[in-house]
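Both complexes shown next keep chain A, but they swap its partner, so chain B is in the first and chain C is in the second.
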Partner chain A sequence: MPTVNEQTRDGLVASLPALLALALGVFPLVVLFVESIGPSLGVGSYRKALSPLYRGALLYSVGVGVGVTGICLAVAYPVTYWLAHRCPARYRLVGLVALTLPLWLNYVVLNYAWVWLLARGGVLNRLLVGTGVLDTALDLLYTDVSMVIGFVYIYLPYVVLTMYVSMERLDYRLLQAARDLGATDWRVFVDIILPRTLPGAAAATLIVYARIAGAFATPAILGSPGNVMIARLMVQAFREYVDYGFAAALSFVFLIITLGSLALGAVSPRVRRELRRW
Partner chain B sequence: MVSMVTRLFERGAGRLPGVVVAATLVFLYGPVLVVAYLSLSPAPQPTVPLDELSVRWYRAVLEDRRFVRALLNSAGIGFVTAVGGTALGLAAARTITRSRLPTTVRRAVTLLVALPLFVPTVVVAFGIGRASDVVGLGFGYFPVVLGHLFWVLPFTTFLLAARYAELDGQLADAAADLGADRWTVFRTVTLPLLRPALAASALFAFALSFNEFLITFFLAGSAVTTVPLEIFGKVRIGATAFLNAASVIVLVISAGVAGAASVLRQPA
Partner chain C sequence: MSALAAEGLRKSFGGDLAVDDVSLTLETGEFFSLIGPSGCGKTTTLRMLAGLLDPDAGTVRIDGQAVTDRPARERATNMVFQDLVLFPHMTVAGNVEYGLARDGVAKSERDERVRDALALVDLAGFGDRDPGALSGGQQQRVALARALVNDPSVLLLDEPLASLDRGLREDMRAEFRRIQRDSETTFLYVTHDQESAMSMSDRIAVMREGRIVDSGPPRRLYNRPRTRFVAEFLGDATVLSGEVQSSNGETSVVETPAGTVTTVSSGEHGAGDRVAVAVRPESVTLGEGDWAGTVVDTAYKGFYAEATVDCGGACVVVRRDRTEAPEAPGATDGQDRLFSVDEVVKLRIDRAVLVEHANG
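The block that comes next holds the complex of A and B.
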């Protein structure tokens, strides 16, 4: 039986991280909520945040988030399959480290690297024009294309890491059995690999898409100046127009969208189990 | 003939994953290598291919007072975050795995600590910025460090909780049976067993803090500058060989720290 004394001590130990998380996680949300309905208990800020002018930015952000996540998944499927089931065992760890090391690198710097590749006089254009693949240089930088490349570059390692856990648990004997019974690669993928790794894919989506939708640096470094994402609206409202109520309302709308989709995903116990790993 | 084409196609499909892996590695490391190559340009605006190689921009970066100050700031904030975040993470990990508190309390602590994983970073950053202003803390080092501590807490907590759960509880029980009080048990049994995980946690926390951009962007104000803020500010003005050299320095530091952390994290 724990004594009262031990419980007090455990309580004190628990209170340190809990207080920090309360002060920096919960209290700011309360402040934002108060500001979003202030100064006179109205929904004016929300009406502004959801007006057609800004609704576009909101939809565009979520759309970019979902689209980029889709591309990451399309790449991560063959990559994690190869790593988990084809790669010789002794190279597997090296492979996983190589594919996920960029997680720990600075994303501002990583995005900046693409400026050199995609610019009109950049490495990619010189290569393509120099080898005669293209006649004239492409305007890739500061478009949706360069922004999407930048996002995939940053978030692919997250998706690979999440998908790998799922793919590793997939029993390879199932695939062999299906092949022995004459299934084509496509059938093996659709009937065995896909259903068994779907929870992992869903978890990866939930982890990554909101970060992309709420990103600020990547669109600022590589995106087109005309396509505004939600984080830029918030930064502008915060630093330039000092319209805190509007930025707070935007925060809550975005928070509800992300938490709503998380709750939707958590309805499935299998997705919940994958998410718990994070 | 048809069967040969199908067979070729199928063999091609079988090779597809390997090809995608190779392409992904090129995709991930190509741009970094390009920037590293272009950092060796003698001219301020490198053109491909470089006529000759020079390290003058590395020297320029290390002699640039603004950049060196940002580097020292980032290192200092990272150090405090690493130590504080690991200590708080240890307290949270102990609460989650070993504490005698009621299950509901432990669940609540887990959920609180995990908040930055679920709440979008831009909302976290903006919220802390506003809250700091409301309570009169304003902007500067202290809010930045607090924000970083909150940001790294889930990573340190869950890394340490995983190791805590693997520890053999019988060792601590045996020490207690031999008459050691709880503090002695913690200090002489638990802590040494956790040491590699603690070191890994501190290094990961340092790397996270060193690279963190958005929270710092909202909390730093005009007085504090860190390496990511400094580079972000320069990127928007234009790409230069100076910036390439600075980027390479930043990448080498974060890759070194994260690499050391990964090695330590593997159980011996």
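The block that comes next holds the complex of A and C.
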């Protein structure tokens, strides 16, 4: 039992970093909020942020976030299952490192790697045309496809790492018990693997979804010029229109939509139950 | 028709033969135990019977049907796993219901059968609980109910009592026996605990190094073990080596370093054969007889005490109950001793069994 003195001391030691963390997290948001309703406590900036022009970009950003997160999870599930339960133990670390290698590079560089790979005169097209698979080069770059590829490439390692922890904790014998009781592979996935790894999937979603929806570099480097994601509009408002109030309002709207869509996921009782365990 | 028949099962892992030519036949409604020390291949055998592991050779039949090539989900066997592996994200009822749902049983019938299964294992009303909130013994019962609910032809149990403490284990043994009778299901119980196996089983097979070395009713195995290994694995036994002096088919007279003893034998030995003789501690009478020796070691075992007696080069383990030396009121610890080292005792071997000396 710590004495009162110890408790006070612990409190003092912890309070400074805690205050700093709180200030770093909350203070900029407060400033941003004040800016968004300034200069005269109006909601004009918000009205503008919710106009059809920006609504489309918001929707598109959320859609890209959901879609890419979904693709990352769909790829990470079989990969991490294999790594955690099927891969010979001595190759496990090698496999994990290989899959998470992109984490160690600057993401702008990673994006440009795909420019080089997907451009009309890039590696992939030259390979396909050179081997006679295609007659003319494909327009892969600056499309939704190239943007999604870039996103998956950059964010998959986060999803793989998070899911791996969950997969490793999944007791393989539960799968055997389910099979023994008559479950097909699909039922084993739905009844055992999915519920047991849902916390990992939820954590992975929390980590990557908002960052993808709000990404700036990848859409700018790999995306189609016609499909504008919300981050570019925010940057435009700050830099080109120098309308800080509007930029701040747009940021806030996006923040609320992101949090709202995550909360929507938590409405499902099954997800809530799993999150509580986690 | 037998509930389960395995013929010539063989399995090796990376060149090591884990199961070597195992054949088993279980009659319907029987409680059969497969016992042996750790690593003898009993769990591997069980997993092959369940369909969780493919045998390298051999066949498995369930209710007369060949199922060797079928996966676990298509076999009429259910398994109770060593650590139970209840589904932690489902309720007790959800766990028990699982096999029925996978078999496509309608919801209303499922509910009824889950209720019956929980009643069978004495857990009526526990359906809504979280399995993690139950005691060890209750979890055992849930695992049993889950595996019994869809009426498997054979229930395979992989040392499910290993993790329980002694008192609970004894209660659960009686419960397993009762549940087996009430459910009229064939049980194949795998364990290294000979005491559990003997108290529950109709028949036992003893495995060693991948092979079945002996099988039969517990009484037969205990009283007439064929090999030294079985004699020592099933309970305590002193094994003395010796030479057959004479044999009449029913009994043999064997000369051992400790003295001459008349043994029960199967009559396959002639005079001059080198053999081994197994003596159970309870078959030795103390204080009379023509063997004599010095106590070299004693062990206090609660209601009895055990002593190792050196009878001229061969040691015999003997026991003495507390009732034979009642505690005097006010006796001190020292006076309570049933044996003391260097004490000279006489003993008589009431019953001995001639066993194979060889391994196996």
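Here is the rule we go by: the second predicted complex is superposed on the first by the 226 of 278 C-alpha atoms of A that agree within 3 Å, B and C clash if a C-alpha of one lies under 4 Å from a C-alpha of the other, contacts with A are read in each partner's own complex, and residues count from 1 in each chain.
In this text, a contact is a pair of C-beta atoms (placed from the backbone, for glycine too) under 8 Å apart; a residue touches a chain by one contact, two chains touch by 3 or more.
Since the structure is predicted, the reported quantities are computational estimates derived from the model, not experimental observations.
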Q: Check the residue A:16 against both partner chains and state whether it touches chain B (first), chain C (second), both, or neither.
A: first
Q. Once the shared chain is lined up, is A:195 touching chain B (first), chain C (second), both, or neither of them?
A. second
Q: Have a look and say if chain B or chain C is in touch with more residues of chain A.
A: B
**Q.** chain B versus chain C as contact partner of A:171, first or second or both or neither
**A.** second
(Q) In the overlaid three-chain picture, which partner chain does A:180 touch, first (chain B) or second (chain C), both, or neither? (A) second
Q: Answer with first, second, both or neither: which of chain B and chain C does A:249 touch in the superposed model?
A: neither
Q | Partner chain in contact with A:117 - chain B first, chain C second, else both or neither | A | first
Q: Under the contact definition given at the top, report the residues of chain A touching chain B in one complex and chain C in the other.
A: 184
Q) Which residues of chain C touch chain A in their complex? A) 50-52, 71-74, 77-79, 81, 83, 85, 87-89, 98-99, 102-103, 146-147, 150
Q: Please name which positions on chain A make contact with chain C in the complex.
A: 171, 173-174, 176-184, 187, 191-192, 195-196, 273-274
Q: State the interface residues of chain B toward chain A in the complex, per the touch definition above.
A: 10, 13-14, 16-18, 20-21, 24-25, 27-28, 30-32, 34-35, 38, 47-48, 88-89, 91-92, 94-95, 99-101, 105-106, 108-109, 112-113, 115-124, 126-131, 134, 146-147, 149-150, 153, 157-158, 182, 204, 207, 210-211, 213-214, 217-218, 227-228, 231-232, 235-236, 239, 243-244, 247, 250-251, 254-255, 257-259, 261-262
Q.
Residue numbers of chain A touching chain B in their complex, please.
A. 2, 6-7, 9-11, 13-14, 16-18, 20-29, 31-32, 35, 75, 78-79, 81-83, 86-87, 95, 97-99, 101-117, 119, 121, 123, 126, 153, 156-157, 184-185, 207, 210-211, 213-217, 220-221, 230-231, 234-235, 238, 244, 247-248, 251, 254-255, 258-259, 262, 278
